[in-house]
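Chain nomenclature is as follows: A, B, C and D, assigned in order of appearance, with residue numbering initiated at 1 for each chain independently.
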Amino acid sequence: MSNKGRTDSQVSPHFTDEEDRRHVRERLVFFSDAVIAIAMTLLALELPVPHGQTNAEVWHSFVELLPDEYLNFVISFGVIAAFWVAHHQYFREIHVVDATLRRYNLGWLFLVVVVPFATRVSSEVGDLILGPVLYAVVISAIALLMVQMVRHATRAHLMRTEAPTQRMRGLVVGTGTAAAVFLLSIPVSFASPS
Amino acid sequence: MSNKGRTDSQVSPHFTDEEDRRHVRERLVFFSDAVIAIAMTLLALELPVPHGQTNAEVWHSFVELLPDEYLNFVISFGVIAAFWVAHHQYFREIHVVDATLRRYNLGWLFLVVVVPFATRVSSEVGDLILGPVLYAVVISAIALLMVQMVRHATRAHLMRTEAPTQRMRGLVVGTGTAAAVFLLSIPVSFASPS
Amino acid sequence: MSNKGRTDSQVSPHFTDEEDRRHVRERLVFFSDAVIAIAMTLLALELPVPHGQTNAEVWHSFVELLPDEYLNFVISFGVIAAFWVAHHQYFREIHVVDATLRRYNLGWLFLVVVVPFATRVSSEVGDLILGPVLYAVVISAIALLMVQMVRHATRAHLMRTEAPTQRMRGLVVGTGTAAAVFLLSIPVSFASPS
Amino acid sequence: MSNKGRTDSQVSPHFTDEEDRRHVRERLVFFSDAVIAIAMTLLALELPVPHGQTNAEVWHSFVELLPDEYLNFVISFGVIAAFWVAHHQYFREIHVVDATLRRYNLGWLFLVVVVPFATRVSSEVGDLILGPVLYAVVISAIALLMVQMVRHATRAHLMRTEAPTQRMRGLVVGTGTAAAVFLLSIPVSFASPS
């Protein structure tokens, strides 16, 4: 092999800090992707099959399940997909991962894993207060933690560039708005008759 | 380390646009793979175990489950596997991922996640119209969205080469045919007696 | 950036065949890993919890579940783990992936996905013939398909080296022996009283 | 392409030992991540939905489920997350993976996959001895196996550096303490009245 390309093994028998930095960043992103993908797919696992003996009965059952079960599934899939995009945009700007970011990210994944559960609660006791309130709390916590992760990345100089980019500012505006909307829905749930 | 191989960390402390392009493409492909793999494996989760007290009873139960439950599982596994190959061939030609492709891909994954549900509906109320129609709608939507993704990649110049390759043309023909077959099955389902 | 390291983006704006070869190989391996990991973890999903009101009852229930449910779980985990190692050793020697290998690999993954189902059948109707026979058929099919994959790799020149390595020969011996043992267990199942 | 950057394909048509070393290490880490991510997410799959007809009833049901079901979920998620961090820190120091480390790692993953089951046992028969004892045995086995993996890496010279680093020593102290705490909880479980 030429001395000029990929000389790692000859010059330095053990891998470099640059390989370590990439490995740490890639593994965090990879592990997050696996958790998000599973949470997303599990949403569909509990979709109830419409039942009935005739075409009319099955169709009726399908229409009945539409507003609660099926719509909730579509919304939660869309919410997790939007957060995946946010997570993706965030890590595009991250150059180095530190221990604090690792902890934040694990907390963030914990909340994502709770989304399928919050969706089930919403489908089963959605007419009562607990359903929408739990859902709103979980979603706004995911959004707020993402805002906190942007703040940490700025302060701890984890980003590719010194000044927050357009992408990062868009991320804060988007997740901040989502958090505000869901937080505002909580008093509305308490005010409306169950 | 030689100045000539892998000089990133000395010359440029923060990673390059080329690293970003690869990261974006790889993460999208990776995330898609995780979702497809889970959808595929979940198909097997709901396979019913044949039951009975004697060898003859268990065998009878097994044979009874064969045409609906087990065959549907094999077909759906084959369908998702074929779409994985199509997705794989597609992304081999993709050089850059843009925001529109990211959105299309998330919509495509949504439909793949619905396949295990459509399979369950097909197994449980497959004699009625909803079963085969829902299945045909989901499968042809996956195929048509793939055709649309090829069109977008051509128009937005996301591919490695300017002219669509042999592989891309084969992809359009294959998914287009699949969509046509499944769409044609819908009026047949309505016409045939349930 | 120096013109000498990572000159891809300047010299060739679109990625090279070498990047494509790695991408194809890595994606196949990655996708397989995801499927194997899920099949492995789903084994534990259906483990029954021992029940009872007192310590003695729970312990009794635990001991009763040990030979069928828990032991079958441990065996199937070990079997899938051993096949993961075989798959890993195989792909270490593979330099290029072709369409035939892709198809073989998808068939191989299909059989791996069936293992948790075969384990459930084995636990529930394991005293009857179907349980052990289905299990033996699935496991020996996985082993034989791996032998066929080694033959294909040799014939189609997909490997790093021309002559099959020590690792590849060990793989054929190991999986061939496993297939033989499980295939021999089938007539034994028929002969022994149920 | 310049002869100086990425000359693999010209100089050596087949990939190098350095590519093999990286592939082996990355695949092991990747596969582990997939298994850990699934085990973590499956924890949430079995969370019971609080039930009731009125807000008061649902709230009461939620509060009742809190100490056993929900708290156990949070603890197990935290435990697996902490072990993921330990696994991550461990493999940052690992330069080469050998067959023994591969076996240890598969055994380690087996124990991680058992955690959701141990959590379920803990939730359902947690007042009796089996619940806490099984949980403590599984968690301390995971911790002790990690200590053994550090010892093996030192003896077999698998690490980037000859002397164990600060990170490795911290890992041994952390997992060793966890093992000690959980092992000490076992006699306590037997001593306390059920």
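By definition in this document, contacts are C-beta pairs under 8 Å (C-beta built on N, C-alpha and C of every residue); 3 or more make two chains touch, one makes a residue touch a chain.
Treat the numbers as computed from the prediction; the structure is a model and nothing was measured.
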Exercise for review: Quick one: compare the interface residues of chain C with those of chain D and tell me same or different, with half as the dividing line.
Suggested key: different
Exercise for review: Compute the rotation angle for the C-alpha superposition of chain B onto chain C, expressed as a multiple of 5 degrees.
Suggested key: 90
Exercise for review: Could you tell me the distance, in whole angstrom, between the mean C-alpha positions of chain C and chain D?
Suggested key: 22
Revision key, fill the gap. Per the C-alpha means, the centres of chain B and chain D lie apart by a whole-Å value of 31
Exercise for review: Could you list the positions in chain A whose residues touch two or more of the other chains?
Suggested key: 4-6, 8, 30, 34, 38, 45
Point to revise | Touching residues on chain B, where the partner in the complex is chain A | key: 1-2, 4-6, 8-9, 14-15, 20, 23-24, 27, 30-31, 34-35, 38-39, 42, 45, 102, 106, 109-110, 113-114, 116-117, 120-121, 124-125, 128-130, 194
Point to revise | Contact set on chain B toward chain C in their complex | key: 3-8, 11-12, 16-18, 29-30, 33-34, 36-38, 40-41, 43-45, 47, 49-52, 54-55, 58-59, 62, 74, 77, 81, 84-85, 88, 92, 95, 160-161
